[in-house]
Every structure is written in structure tokens, then in C-alpha cells.
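Have a look at these structures, which come just after this line.
Both complexes shown next keep chain A, but they swap its partner, so chain B is in the first and chain C is in the second.
Entry: the complex of A and B
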């Protein structure tokens, strides 16, 4: 039994919470287990009933489901539908779940049978076009990133437990990058998707002098036409820009309006 | 004002006298595509790091007064009750060694808003009161239009101001502290020849301004051209990224958010600098957005700086440092925007 806890005198429940993975590297779940300094408090915030990476217990009695990974097989569709039936709140955890993630790169090939043969040879394996969770079920909210940023997950889960609204930054990474006092990578001759990618990672990559690859998908109203012009003005090959935009799947629909 | 001179090599003495304090100054941080030094303001740890010959910095000193994120207070939460702790986040006086006239003028503008009688901001004010400022004259860059904004010279808001005469520094002294410090240097009264040299140098500097903004009748013109199609064109380019406000020494807008810690027993109220170009700047409770499209937001930036502020304080909220235009990847610069409003034509 867990102790009764309160927030400003109001009793706060420990929601029963489960973690699941579909096709993914499990890096997002690993992120959640990182950062030992706050891990115990984090695990204390909810009652975890299912988390294959950390515990052997299994239970199908949960309210919140965090689902990592994209859908690439028929059995994953079934599993996802079951999770949706049980969970009051279904959270897409990480870019694979939100947009298809790195996995969806294979959708670029016309002939998926050929892809399967290249990768798996003659192993009998089932794999289909890669899809984000929202193609099959209603997703209550998403946590972006490849991997997700632990601090952001902590804030979101705290707000979820307290019943506060969950908001993502609507503006692009550049805002966080310039706020951090960085020198813009374009100044140094390197491409970056910061101008069009949703912030929230605190400009993780540019802080470490790597251009953004857009793992968090597009900011609200991302201006891709202007991005293209910036890349052209800085003599960055179009293909280098498209490689980045395609990498995590977040820009798939926004890119349809761009000319190759 | 009091004027003195001291020999070039005594600059290091001045640095040594001030070095026990946290000292912020211009320093080189990396190279650009053309292999030129890029400068930023940061803590200086040795005299060699201090580069008073810097052309400009990418960011201003704003982060030392208005950090991009600042905790305003923390709370201890109990059963049905709470305690609040306020910290102004300044523990030692800071020395700012090497601010150009535009940047000192920018602080004077921020003071009007943030230390003014109506809503003084204690977080800003306490840091501002603990600044010792050494200004230094500059060489105008091709994008500097401070002269058009009346911010190319500075008369107040610093302790001392240096101009390099070649073999000696010419110092303007504005505070008793500055004078006391200078008595530790071999100072002398400027000679007649020093006066001439100073005036010649100022004339030369004046001739080097190439970038201009015609701000005559600007508030009226902005009123007339509120519906101008040029705003649409600029807005179509803008990526609503907020970099312009981040690097701007005079932008001060912020939002406030509360964060509850994981153990639900402590919480923090934090402010985050914001930009009127960001998509939800004018979004209110219930989700209505007063400026949902980027042309209206970009226009707002210009109307605040060059019309609203001008009418309230009889000066623009812009010192013409040109940093916003340098930072903007979409090449949106103040001179181009204002010129386009006057001429109804946007440069490609």
C-alpha cells in the first residue's frame, strides 16, 4: 500500500501506469531510467504496474499507458488497440510513436519486399510500412524527441498527476538556441533544422555544436519555404536538407509542399 | 564630466584592480565561415582574454540582467499551506568591461521600463545597481545604424568610458568609484593635443557609418502604413523563431510559469524571456490568438519598437546595434524593413 500524499492539502492519487514498446530501440524508456538523482522521486510519482525494462511484474490494470515505438507488424496493431481500450490516457512516447521515427525511413523505398530481403535475407519475418500510433488509435498527448528529454518527461508526468494542462513549446528550436547564447551553426557553415523544429529539447544538439535533425517534428506553422531559401543561400545541398527532414518522420506532410 | 588620460600599458593595471570581481567583457569564441573571430560577452579570467578591439558581439550583455530563464521564487508546500522564498539572484557586484555606446544606451532604455516608477522590476534593478560599467568606443560595422537611432554616443549610464588614442586611453569619468579606481593608475590631465586627437578620431568614426535608417516622421508613417502589403511580404519570410528578440539588447518581454517538483513538496516560479514573433505571444486563456499569423506578429515588433515606445518615451526601443538583422536567417533587418515601409517595396 502506498502512503496518502497531498498537494496543498488536496489528496493526489498514484495513477497506475504502464510502459509498452512497439518497434523501437527502447532508448526513450532508457531515458526515463537515466538521471539517478531524480529517479526515485520519479518512480514514486506514479504506481508503475508494467515496465519490462525494469521489472518482471505484469498487470493489465492501468490508467496511463506510455507507448514507445512505431507500428510495423500486424500483432503490434492488435496490441496497440488493446492498450487503447484499457488506458484512460495514452501517451505517445518519443518520435517513433509520434511520427514513425527513424524506422519510417524505409517507407521511402517503393518496394518494401526488396527492403526486407536486403535487411533480413531469407529469414521469415513480418514487417510492413511503418506508421505512427495516431494512424490507428487516438493519442491523448505526445512526448516528442529521439530520445525524449528526461526533464521534459518529468514535468509532463508531474502535470499529469496534478491534473494540470500539458503544453509543448509551439516555437522553434532557434529560440532556445539563441537564448542559450550559442553561435548559430549557419554562421559556421553547417546546416541546422532549428528554424522549423519544435523546441523543448533546450537546443540539445546546437548546444553541442551539432545541427538539429528535427527529431521533435515541426514547430507550429513551421516555415519550410524559408528554410529552403536559407539552405540555398548558405550553399547547403538540397539533398542534405531533405535527408534531415526525412530522418524522423515529423516533416512528412509538411515536405509535400516543397520542391525537390 | 571629468576627463583624464592614461598610457596604453596601464590598461592591465585597471584590469588587475577590477579582477577580484566577477568581470564580464568581450572575448573571441570561435571563427565564422570566413575565418573571422566571433565575439561574445562572457566572464573574463585573464587580461589576455579581454578583447577591447572587438567589432561587435553576437549577443548583448542582456543575459546578465535578464537571463533567458530566471527563477523568481521558490515555494515550500505543506498540507494546505506554503512558504515563499524570493532571491534576486545577484550575490556580488559585477564589472562590465568594454560596452559599446549602443549597449550602454540599451541599458538606459531598459531602465526606463524596468526601474521606472510604475512597475519596477526588483530582479533587474538589483542586478543593474550592482554593475560597474566601463564603456569603450567602437568602429562602426557595415550594419550598425546606431547613429540614426541617436545611440552612437552615450552621456550617462556608465562609470567610465575609454577611447583609444593610439598610445594612451582617453577616459571620461562619471562616478566617484571610477575616479577612485583610476587614482591607482598613472593618470594625467589630457593635453591640448589629446583633445585634438580625440575630436579627430570621433570625426573619423562618424565618417565610417554607412548604414542608416530614416526615422523622420516614422511614427506617423507607421500609422499610415498599418495595412501596407509590405508587412505580408516580410511576414511570409519570418520563421517566428524569436532569435531577433533573443539577441536584442532592448527586448524585455517574458512569460512566467510555475513548475512543481517531482516530490510535490517544492515548486518554482520561473520567468522565460519571450518574443512577440513567437506564435503564441498573443495567445490568451481559452486559446484565442490575437496575432495568429506571422505578418501581424512581425509588424507588432516594429510597432512596439518604433511607434508605441516612441510615443510613450519619446525615443525608439532600438539602439541600432543591428544584431537582430545579423542573427535573422531570413535576412530581415531593421533598415530594410523601415525603408520598405517608406517606399512600399521589399528588397528581394
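Entry: the complex of A and C
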């Protein structure tokens, strides 16, 4: 591909881009193929050189690497380190890559042997504690969400290509939800993490009358004690709040200061 | 006499499939020494993760087993939970769930046919390459996929990891005007599916047959997708709750996914199994497309699974039109019933794009999960894929095929099953 594109008079390159997945459902990569109306334009933003789920040729010459999934086995650590060495920019794609995602729920038992036995009986199987990418390598950008929102991916990739900075909203989902004119789910007796979760999804779940599960992790200055008070005031069981807070791994450290 | 061939093929992380699987083929002097399908995906331990969680977590967590069939996992999870609690969904909820299921089937099959399979038959590396050479076809694929995904958004709130689907029904009902528009778009998609049949009908399907046992839900008046009796083409019939007698999971050394078998050394699930087992329950226009593609039950050619998916696309579009007519023909009822957990267990069997899926949960009196089991279509297919590779590679070796041909056909064989590998390991 040797087209020349310019933005504000400056030539823009087609960065060689690769997609990889560690332990995950590969749903975030599938989201890349969704939003069909703009898919072809999106694919024209970059030169994809490695995307195992959709193409056969594979090249290890790339500048941008998107990595989906969390680290759960030794070979994934090796692969991640190799990717980091090659990529100029490493992007953590989705909640598993950013926080461990639902996979990290197995860590809560603090007993890997029991976990293995529960699923595989006595058959030997290799696994380790689930960790996000940032526990092993420097992550340049994070795209939050389970799944990621395609509009946000498009915006971030466009900004990457143009060399613009990428900033996430600092405010919580609650603000987007209120702006959308939704009925507050607390008033319907539904648990919701909207007050503490980082915005950017346009209140995807509350728009569909499901309380937020916190897949995007904490907003800046998230106040978990105040959340607990709101939940208590609405007679929502504490367990429902903790189930949500621990679901995707984004609140793991914030939760340590809470009383169970 | 031809020279006996030698070949050594190692495919690490097969492309254009979901998840991580390897193919290993070793032929010496025309004899297949090794032909193997190895699943190397990392396990995520969902069955352990569920233990101790309240019932309402199950569909949210289990939908995340798979990025392609998250709707199917969510619905199987909900069904298992509702059955454990002795709940019966309303007719309206059943219709909406089936419509949502159809949208997933259409989305997944179109993705597989155009993006994962078509490049092999058109001599391309990927659908991205086809954008330039087969613009019309790729635009058609995008149109069909968009339609299915929009339908998923409308009914489930989100195409991937649906939001509105909960134990007891739906958090919200779709806008009736948008349902009417979806109906029109489904109707308008039928010519696109006919053109898809023309395209795929022009491909030469490899001539390979191996007898096996096909397992699926059993038709009870209609082509089955959600719940009911289980059947096999060898004559086994079981109740949904007896799913373990159909799956018989076991471990092999070269796979992190479990394997299954029933009456033979391997079994197959998926579109071909469903079409083979329930052909007469298909919509007449789906049967017509099957005839056009030369797919007649019972077909033992695994490559026919691609055509069976296309036949199902026609069926689900036609059936979705009927479902929307029924939904719009009556007023909305309450979207969601109250959930009262009781101690017990329940099984949810759902036909997802790649075959029959089972979720089974046991609950204590507080509605907390004490034990869970999920049996995934691809894990049921792994044994069949493995034995198909062995049989096909021996035939190809006898015909004196080249390394390149053997490699490509082995890859195409695995792709025909549309394996969902991370799902199978979960």
C-alpha cells in the first residue's frame, strides 16, 4: 500500500498493526470487525499485518500491537515480552488485558490447586494467577470495557495514527447516564456501579436498564464508601455490590479498603 | 506407480479460527505416522469461577465464555437457572429469546462463511484482501452481518455480551416500530442469501466422507434451538437433564479442551448435525437452498457444514420474520417475572452456531451456585476433527498429494467445523 495521505498538510503513515490475544473470549477483536457501516474505512486507517482470527499471513514487523486477554500461563508471559520488544506502541484491548477481566475471579479462591481440580479433576493442567498486561510490561494505552466499544476504538486508533494524545473521561458513567435521561436504577432497587466506574461507554448497560457492573474500572477519585452508602440507603444487598466490584478486576485495589 | 510421499507439517496456532489450535501431520513413505488436532488454548476455569456466586451473576459471567456465541451462552445460562428454580418463561419471552438467538446464528454463520471460509475457496489470504478483488461480495457480507448485529442490539441491548437478557425475561422490550423495520430488512436480505448460495454453490467442496454420529436437539414441531430432547443419528434419545449421557467428556494428553464421544469413537455437533437430524423441520425455502447446494441428509462430508450453515441462515431469517409477526400481533406483556431462588439444579441445552451447548448449575437455598458444568460444542467436535484429519490425510497421501495441498486441505477441514477453541477450553 503506497497511498499518500495528509492531515493538516502533514503526511500520515499507515502504521503496521498487529492483533494478539492471550486468555480471553476474543470478543474485543470481534468488536473490531463489528460496526460494519464504517468497517472498511476503519481497516483503511492502518496496515494490518497480523490478525490470526481473520487472516493467514503473519508478519512480526509491526509498530502498533493490540493485545486482548489476560496473562494466565508462562508461555503467555514470553509472548507478551516478545510483543513488547517489537511494538513501538502496545495497546491493552479490553478489560481482561487492562485488569484481568472475569478471568481474574479465579484468583479470589487463593487456591489454584482447588480451582484446577474443580474443572479438570486429577488431569494435570498448567495455569497461574491471572494478571493484567501491565504487571509484566509497559502498556502505552488502555482501551477499557467488556466488550470494548467500537466507537471508542475508532477514535483512539485515529488519534494514534494522527499522533494526537489520548485521554479517557475522568468522570463516572453516572454522568453519561444522567445526561441520557435514564431513570435512576437505584430508584428501581437495582444495584449499579455507575457512580464509581469510568465513563466512555455512554452508559451502555444502564441505557438498557441493567445496572453498571464496572467493566471499565474506577473513575478518577471514585468514592467507594459513598457508593456503599447509596446502596445501603436503597436496601441493596452488599453482596450484589461486591459481586459487581470484583467482576472485572478494575476495583481490586480500591476494594481492599472496604469492609466486607 | 507413484512415489510414496513424505511430509512433515506443523501448523502452530491455525489462522482464521477462534482460539488456539495446532495441526501436526507426519507422513513417511506414504504412511501417516501422525495426524493430530491439538488444542493448546489456556483454560480460564469458568466452572470454578461460578462457585459461590449468586444466580444473577451466572448469565453475566457465562456470556463471557465466548465472544462469538455470547448470546447462546447467556441463554443457556438463563435456561439452566430458570429450570433449577422451577420457572417457565412466558410465550413473549420465549419468542424474543429465539429471535435473539436467530440473530446470533445469522451473524456467526455469515462471519464464518465470508470472512473465515471464502478466502480459501477464492485463493486469498483474508477477507481484507477480498475487499479489493470481490468488493460486491464483501459488501454483501457486511450488509448481512450488520442486519444480524442490529437485530441483536435491538432485542438483547448489545450484540456481544447482551445486556437485557436476564433470569426471568428481559430488562427492557424492543421498540415495536424498530421491530417492524427489522422485519422489512430481514425480508430484503433474502436476495442477498440467494446470491450467497450462488457464490458458495460455485465452490468445489473437497470430496471426503467419514461416517460419524451426529448429535443435536430433536425437533418437536419446529427446527430446534432452545431446550427439548437430545438425539443422535445413531438412534440415541435422552432428556435434556441427562446431557452427561450424551457428552461423556474425557481428557487427552495433547489438548487442554475436553473431548466427547457417544456410540462411536467420536461424534459431531453443529449446523451439519442439526440439518442432518432435523431436515424436515427446516423452512421450505431453506430446504430448497439445501437442494440447490446438493446437501441431502444424511451427509457425512464435514465440508458440507459450510453449506449447512448457509441453509440455516435462510431458515433463521424466514423464522425471524414469523416471530416478529407473532410479537407484533399481540400487545406487550410484563417483560420480566420475579425470581425466587430455591435449592436444586437445572440444565440448559441450546443450539449455538457451532452445535449443542449445555450449562448445568446446582444452587443452595440462597440461590448461590455450589457446582457448575458447561459442555461446549467445539469440545464435542474435537475428537471428530482429529479422526477426520487422520482419515483424510491417509487418503491424500494415497493420492500422492503435495505438502502444500495436504496442508491447505487440513486447514480447510478444521475451519469447516468453525471451531470456537477458547470457548471449548473456557
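Just so it is clear, the second predicted complex is superposed on the first by the 257 of 260 C-alpha atoms of A that agree within 3 Å, B and C clash if a C-alpha of one lies under 4 Å from a C-alpha of the other, contacts with A are read in each partner's own complex, and residues count from 1 in each chain.
Everything below uses one rule, namely that contacts are C-beta pairs under 8 Å (C-beta built on N, C-alpha and C of every residue); 3 or more make two chains touch, one makes a residue touch a chain.
These figures come from a predicted structure and were not determined experimentally.
K.L.:
Have a look at chain B and chain C on chain A after the superposition and call it: clash or fit.
P.N.:
Fit: chain B and chain C sit side by side once superposed on chain A.
K.L.:
For A:103, decide between first (touching chain B), second (touching chain C), both and neither.
P.N.:
Only chain C; A:103 stays clear of chain B.
K.L.:
Between chain B (first) and chain C (second), which does A:247 come into contact with in this model arrangement: first, second, both, or neither?
P.N.:
second
K.L.:
When the two structures are overlaid on chain A, which partner does A:54 contact: first (chain B), second (chain C), both, or neither?
P.N.:
Once the two structures are laid over each other on A, A:54 reaches chain C alone.
K.L.:
With the two structures laid over each other on chain A, which partner does A:77 touch: chain B (first), chain C (second), both, or neither?
P.N.:
neither
K.L.:
After the superposition on A, what does A:170 contact: first (chain B), second (chain C), both or neither?
P.N.:
A:170: touches chain B, not chain C.
K.L.:
Considering only the touch criterion stated at the top, classify A:12 as touching first (chain B), second (chain C), both, or neither.
P.N.:
In the superposed model, A:12 contacts chain B only, not chain C.
K.L.:
Touching A:258 in the superposition: chain B (first), chain C (second), both, neither?
P.N.:
neither
K.L.:
Rounded to the nearest 10 degrees, how wide is the angle at the Cα centre of chain A between the Cα centres of chain B and chain C?
P.N.:
110
K.L.:
Once both structures are overlaid on their shared chain, how near does any Cα of chain B get to a Cα of chain C? Whole angstrom is fine.
P.N.:
Once the two complexes are overlaid, chain B and chain C approach no closer than 11 Å between C-alpha atoms.
K.L.:
What part of chain C is in contact with chain A in the complex they form?
P.N.:
For chain C paired with chain A, touching residues are 13, 15-19, 42-45, 47-49, 51, 53-54, 56-57, 60-61, 64-68, 70, 111, 115-116, 119, 125-129, 131, 138, 142-143, 145-146, 149, 157-161, 163-164, 166, 171-172, 251, 256, 422-423.
K.L.:
Report the residues of chain B in contact with chain A in the complex, numbered from low to high.
P.N.:
29-33, 38, 40, 58-59, 63, 68-69, 77, 79-82, 236-243, 246-247, 259-264, 273, 275, 278-280, 294, 327, 329-331
K.L.:
Looking at the complex, which residues from chain A come into contact with chain C?
P.N.:
Residue list for chain A touching chain C: 21-31, 33-34, 36-37, 39-40, 43, 48, 51-58, 72-73, 76, 101-103, 105-106, 109, 114-116, 118-121, 123, 125, 127, 146-147, 204-205, 207-210, 213, 239-240, 243, 247.
K.L.:
If you look only at chain A, which of its residues touch chain B in the complex?
P.N.:
5-9, 12, 38, 41-42, 44-45, 154-155, 158-159, 161-162, 164, 170-172, 174-175, 177-181, 183-184, 186-189, 194-196, 219-223, 225-227, 229-230, 233
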